[in-house]
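Once you've had a glance at the structure underneath, I'll fire off some questions.
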Amino acid sequence: MVKMQESNTAIQAMDVSFFYGPNQALFNISLDVAPKRVTALIGPSGCGKSTFLRCLNRMNDIIPKTRLTGKVLINGQDIYDAKENIVDLRKQVGMVFQKSNPFPKSIFDNVAYGPRIHKLHDRKRLAEIVEKSLRRAALWDEVKDRLGENAMGLSGGQQQRLCIARALAVDPQILLMDEPASALDPKSTTHIEDLIGELRQDYTIVIVTHNMQQAARVSDTTAFFYEGRLIELGRTKRIFTKPKEKQTEDYITGRFG
Amino acid sequence: MSGNLSQKLSYQLLRLITYGIVLCIGYILFDVIRHGLPVINWDFLTSFPRRSGSEGGILPAIVGTFYLTVGTIMVALPLGIGCAIYLAEYAEQNRFSELVRLAIITLAGVPSIVYGLFGLGLFVIFCRFGTSILAGSLTLACMVLPIIIVTSEEALRAVPRGFREASLALGATKWQTIRTNVLPYSISGMITGSILAIGRAAGETAPILLTVAAFFLPKLPGSVFDQVMALPYHLYILATQHPETEKVLPLQYGTALVLLMLVLGMNIGAIVIRIYFRKKYKW
Amino acid sequence: MRTDNFMRILLVATASISVLIVALIFLFLGKEAMPFAFEPGIGKLFDSGWVPVSFQEERFGIYPLVAGSSLVTVLAMLISIPLSVVGAIYISEVAQPMEREILKPFIEILASIPSVVLGFFGLLVLAPLVKDVFGLNSGLNALTASLLLALMALPTIITISEDALASVPQSFKQASLALGASELQTIFKVTVPAALPGIMAAIMLGIGRVIGETMAVLMVSGNSAIISFFPLDPIRTMTATIAAEMGEVPFGSHHYQALFWIGLILLFVTFLLNAFSRIILKKYGMAQ
């Protein structure tokens, strides 16, 4: 079992390479993520930032014929170690997807889904967890009177916050977000960004975004990926004002997309 | 414009041929219904044939077909759905999954009379089930297996990938994910497939010809090792083997209509369920 | 995790059963047929006479049966292919959306009508019609059987061809229209050629259906095991022979074994047709 331990790295990727069949998608990525900080992964599409994110909770395992070399340590434990329990890992590392994907169940059942599959069936406890998670996701006030309604009836922004609440309900320490606002309107995007600002107090957040303003607004640290390689990593403010690498500069000044 | 005119004429020709086909189908249905309907009454459906099928009803054939389809679906449904789940959720692109797919395609194309020979060789003779409900149901189950697999796999694939990913990301195991977040949303497609399979099993004659069907039985079957009468076989016998085929024409039409209603009812039911669930689940 | 592994193994085992069934079909047909190859010898099958019950000399030549199957298949396809391809084109390219939603399931209904009911209809309606039109003594002949079989192949060919036509990218059609071609020209010069592999596969599956069809041909083909290529002669197909004779044949006799040989031949032919059409569909990306 992985024990929570206070240290200055929540996630440590060491020399991670990743392959889709014969094609290498990531090249020797080494990167440390500080606890209770927001780390943004930026870069043009196809640069490997999403692939890297999905390495952090072994989501890529479900794609056939993929392979990873190197190590990913979470709280000092190698998550790709054969002894490591993937279910415990994913309980610790929550994920929010690009396209909001609520289940076609009631709002309550969506949030309670995680606790239930982890064998919690006590109604009162479930209700508490659901309320707490929805409050944390800043959705409670909007849905508290209609928890029994189908989640598919919510607006896009609400659905995405519901997905965040659903991820929070299993009480993770780390939250992975894969372009969580890319399909949303500007107002909902602001909502999500504010929420990320709140959540950073308690969670380690890694967010993939193609929106540089968003990265600049929400993150403490920024990592720039290009063609499967980690080009530059540093404090967000520094990356956006004084990038060291030419490619980073070209990207953030909009010279390529 | 002459180009426009020739296009219009061609379209009319295409339409004429298409509706000609529709008309043929319509006429078949109309003919059977017109002659069959006056024959069908409570007595026809619930009494035994009398005077070697020259009079009376078709109760044993209805009961036999019912037993056969129930037996078929009990065998084919778990196998078919299991195979579909494997193909849709577990199978990787490898030799084994290719082999399974080839097997399903092959099963779908095997002529029904060949299933009959197979059932005779394996179930009737080798397994010593004799000509029996058991042998017939197993034979029919092999025949309808691909129908259930293909429709169920389609239904599973229609469930968005996001449902699976979100569930896995919450720490659910693969099977938990399938059970709680994939199967509930594909159940309609599986029901559709099963109904189509039942319809097919109920209407087939050739596979049961050699494995279960009896010309005439004075009483209803008592165990799975008994022979039964069946609607399609009964119709075949009345129409071709009966000494007075002209005289029993109304009985033939009645039997044909009952069989047709059964099979079409199944198919229409499947369509309705598909539409209903498609409206209910939109994502 | 334990449940998970258990389910995986269970599902793989279930999936293996379909492979097992195919293997068993080949095995058991072969098992029952095989003794014939030693006594009286496989050469007996290649003969022009099918006289399985005789006081003088039993003959197990499958030529008349192959000829019967071939004749009705060719005739049925000659009738069915043009009609069904036209039907598919109309439904996919010309019909209004509403019209399409009604036509498709209606034609699929035809596929679900039991073949014994179609045979019954053929016996009572089609055969007398053929008899009157051609002034024959009996309407039970190859032509009547072919008409019924053509009807049965229609839904198979229409449905799959329609899928193939519908999957031709819209951009092809738009490109053609933008060049000033009329809708009709676009259909026949762009859409149909692009969908041709799918239509070919549909036709092969239709042929498979026709060759394997049993009850309808048994009821209307006239059941005469003679070699004839004249449509108004009564004939007998391979499938009908098995259905008609297997019931009365002594178990394990040469006749019994010969019937299993016919089954094996049918199995191989339909297997090849299916495999080919699958290869075509797969090559052109029309099947997963």
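Going by the order they are written in, the chains are A, B and C; count residues from 1 in each one.
One rule holds for everything that comes next: a contact is a pair of C-beta atoms (placed from the backbone, for glycine too) under 8 Å apart; a residue touches a chain by one contact, two chains touch by 3 or more.
Predicted, not measured: the structure shown is a model, and the values here were computed from it.
Contact topology of the protein chains: linear, an open path with no closing contact.
Centroid distances from chain C, each centroid being the mean of CA atoms, peak for A.
Averaging the CA coordinates per chain and comparing them to the mean over all protein CA atoms picks out B as nearest. Highest C-beta contact pair count among chain pairs: B-C. Chain B and chain C have CA centres that are 17 Å apart.
With centres taken as mean Cα positions, chain B sits 48 Å from chain A. Separating the CA-averaged centres of chain A and chain C is a span of 54 Å. Residues of chain A in contact with at least two other chains: 87. Counting partner chains per residue, chain C shows two or more touched chains at residues 1. Those residues of chain B in touch with two or more other chains are numbered 173, 176. Only residues 3-4, 6-7, 10-11, 14-15, 17-18, 20-22, 24-25, 28-29, 31-32, 78-79, 82-83, 85-87, 89-91, 96-97, 99-100, 102-118, 120-122, 125-126, 142, 145-146, 149, 173-176, 178, 196, 199-200, 202-206, 209-210, 232-233, 235-236, 239-240, 249, 252, 256, 259-260, 263-264, 266-267, 271 of chain B touch chain C when the two sit together in their complex. By the touch criterion stated above, chain B contacts chain A in their complex at residues 92-93, 160, 162-173, 176, 180-181, 185, 281-283.
Against chain B, the residues of chain A that register as touching in their complex are 57, 59, 62, 64-65, 87-91, 94-95, 97, 99, 101, 103-104, 113-114, 117-118, 152, 163, 166-167, 170. Considering their complex, residues 1, 3-4, 7-8, 10-12, 14-19, 21-22, 24-25, 28-29, 31-32, 83-84, 86-87, 89-91, 94-95, 103, 105-110, 112-121, 123-125, 151, 154, 158, 182-184, 205, 208, 211-215, 218-219, 239, 242-243, 246-247, 251, 259-260, 263, 266-267, 270-271, 273-275, 278 of chain C touch chain B.
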